[in-house]
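Following are the structures in question.
Next come two complexes, and both contain chain A; in the first it sits with chain B, in the second with chain C.
The block that comes next holds the complex of A and B.
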């Protein structure tokens, strides 16, 4: 088994809404950090909810560790560490009490590891969650996700709203996590600079469709960004244009595998997202 | 499920306040003036105070968005729902024991002469369990805020309607003699049926995704 997770043709729509997560195919290899990017409402959280079987797909299937994610839900979830933007532990509990609760929920729970993570993250075990800062709460969530030794970590926007130091700490933890064993990280975020630092593969979802899923380095070699005035657009071959938009008297192009003689610049993930989103309007 | 019970245990202990004790004492005081009322009052109060703790944990779960966390745990919906019913059963047993102990103490101190301590303890157990048989599915269905309305309907409206119905039909319930054993069997069977229906509603509601 080469992939920790395989998503095959997953479709999800909601009654009364025009949004549709459309025919998503993804393969998540071991030993990689996969960054999931997309605008608000693109379908990132819906995809994570489908993976966690919180909602049902209209069609398609998801295999995690080679098992059907609906039939083997309990076995799969015992090997998944899930962290989201919000701390959903009761605010009156302390980190120590959270550990005591989770000890009986996860069979592989390791309290020693949990304590090590808490001290590494400088979280006071006795302090109530309500007294912790947002960054500390996110770190506590991460500690609980790591302490049961999962094979895949699924993170939903955990770095948003955090200062750069805490974000950097979290990214380093993720790198350590995949470096030692056969593990994967599936990381949804708005902050593409985090992915520049940590991700190996980038998956971009736009309006419910998977636009691309490529190695980060390959993306940089594949795409070029080119801006020019109206008169110079003739130099560009239509087949190479992925997205374009017109703003402030200039055309902005995202070119794919461009063999034209024009010299574009290497785009950042932010620029790629921006071009796809603005170009799609 | 053990983890969920421990979590609820922490929530109950952390949210028990002196207000509960003060309210309990305030309500029990009239019982000392009229000792014949002490045991009925005590059994009802213990049942309601302990029974309402499950609703308190459900309300805390809702506030913390615990459900979002819960669905990522390796727990089935059955375990999730059963956790609340087991907690309710534990609290009902505690209420039974509490009424036995407090009633026993009151008898030892010659405050009451009542011989029916076990009967009232059993009543406390049933009320505590019944309270949660209504509150658990009601909270799952309507949320912790609106579930109180459902409770009001059960506690206030239904007995009133029943009393009015008996009056209209000119049935004097005090003149009907019940066999105690028959009553106990009926009560036990009724509780089992209600418990099954309550659990089924809660389970089906939580299962839908």
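The block that comes next holds the complex of A and C.
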């Protein structure tokens, strides 16, 4: 299978901090939306910063379109559209001025497309960014990311802090984007309902480790949640337990590939995250 | 690089007129303080203050949104072009000062010989100041450059009389005369100035390449 991006054994730590992004292996196929979930401080933004070469990894390598992302930086970055978690444009600029700056950076920048996106998102081109709402700022960033016809979209918590209507709009845009072949979307979020709507593959990162990366439908078949009292835990095979925690007199287990007779329930992504965060092993 | 120059201009558009006017007005102020002072004193002020104020204002604007630098580093050739734009921007301001000085010279000092190795030396001072300032700005941001900005402004603000006294005091006059006559080869000074600027740019690119944003 062709991969738009390969992350091989990437490790990143910060001096004076106990956080470490530990040996991440990921392969992003073309034609898919990959949702990266994790709690706050899990390492989602750090991973995206490594992909975008904003920071350097301690070890490991990242290949994008089969090329080393540091050595072939210019060629690669011209094909990446990205959105950061906070509006990264100077607030004294207007949308039009942002377009003026970016059109000389990206060879494939299409100003007409940019204006079409601004019009679709109902962003006033002459308004200063400081006057735009959070949703509008996010949409502006998305417009700049899409206007140069990228092959990969990398989005860091683009739907965070937005109302459901705006979130839905953005997710639909991502689905339209992926409809063209040889495109990929890699977006991070901690809003799991967005992943339910849009993502094809879900990657869960927790405390700097990639816990799993599976197709969304397979996750439902792979995991089970089982809750029981202390006396009934003997039925559970240790090898099937991914996570567990004890609360209010009950044990809560997250089981993987359970072949035992235990009938657990199909977990939501929220429940999977919760179990790993509260009681991961 | 053009795009980053446009970005810098757009960030500074509210302040740039002040710098433009300051550059025009400085020679007049110097002339009002002391009619007898040489024109190169005002040129010295222009060359030191104008690029310094421009770059410092730019640093302050950039400081307002630290995420913008992260965004720039994610663009194709973003880091390198960001550095080039800083150097080109400072150079354009210095060039503007030189043009203003040429204009002012012909208005106020047309009776005297324009050719002066002092002009080249002053240009060299301005270039050298920027060659030190910009790498510090890239490495440490506004917190670092304030240690260059504040002392420079204080020193320069001591007034043109301070410098004229330096020049007229016998001990200093001999030392300055020695410096001026020792290095009469303008071309060497220009070459050294270009090298200093170029080396500074290379250092800045290296710093920027390794900077984690």
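To be clear about the criterion, the second predicted complex is superposed on the first by the 279 of 281 C-alpha atoms of A that agree within 3 Å, B and C clash if a C-alpha of one lies under 4 Å from a C-alpha of the other, contacts with A are read in each partner's own complex, and residues count from 1 in each chain.
Here, a residue touches a chain if its C-beta (ideal position, glycine included) is under 8 Å from a C-beta of that chain, and two chains touch if they have at least 3 such contacts.
Treat the numbers as computed from the prediction; the structure is a model and nothing was measured.
Q: After aligning the two structures on chain A, examine chain B and chain C and state clash or fit.
A: Verdict on chain A: clash between chain B and chain C.
Q: If we overlay the two complexes on their shared chain A, which of chain B and chain C does A:102 touch? Say first, second, both or neither.
A: Touch partners of A:102: chain B and chain C.
Q: Using the superposition on chain A described above, determine whether A:209 touches chain B (first), chain C (second), both, or neither.
A: neither
Q: So, does A:86 touch the first partner chain B, the second partner chain C, both, or neither?
A: both
Q: Touch test for A:278: chain B only (first), chain C only (second), both, or neither?
A: Neither chain B nor chain C is touched by A:278.
Q: Kindly classify A:54 by the partners it touches after superposition: chain B alone (first), chain C alone (second), both, or neither?
A: The answer is both, since A:54 touches chain B and chain C.
Q: Overlap of the chain B and chain C footprints on chain A, residue-wise?
A: Of chain A, residues 52-56, 73-75, 77-78, 80, 82, 84, 86, 88-93, 97, 100-106 contact chain B in one complex and chain C in the other.
Q: Applying the document's contact rule, which stretches of chain A touch chain C when the two form their complex?
A: 49, 52-56, 73-75, 77-78, 80, 82, 84, 86-93, 97, 100-106
Q: In the complex formed with chain A, which residues of chain C make contact?
A: Going by the criterion above, the answer is residues 2-4, 6-7, 10-11, 14, 61-62, 64-65, 67-68, 70-71, 73-78, 81, 210, 212-213.
Q: Per the contact definition, I'd like the list of chain A residues that touch chain B in the complex.
A: The contact residues of chain A facing chain B are 52-56, 73-78, 80, 82, 84, 86, 88-93, 97, 100-107.
Q: Name, in rising order, each residue of chain B that touches chain A in their complex.
A: 2-4, 6-7, 10-11, 14-15, 60-61, 63-66, 68-69, 71-76, 209
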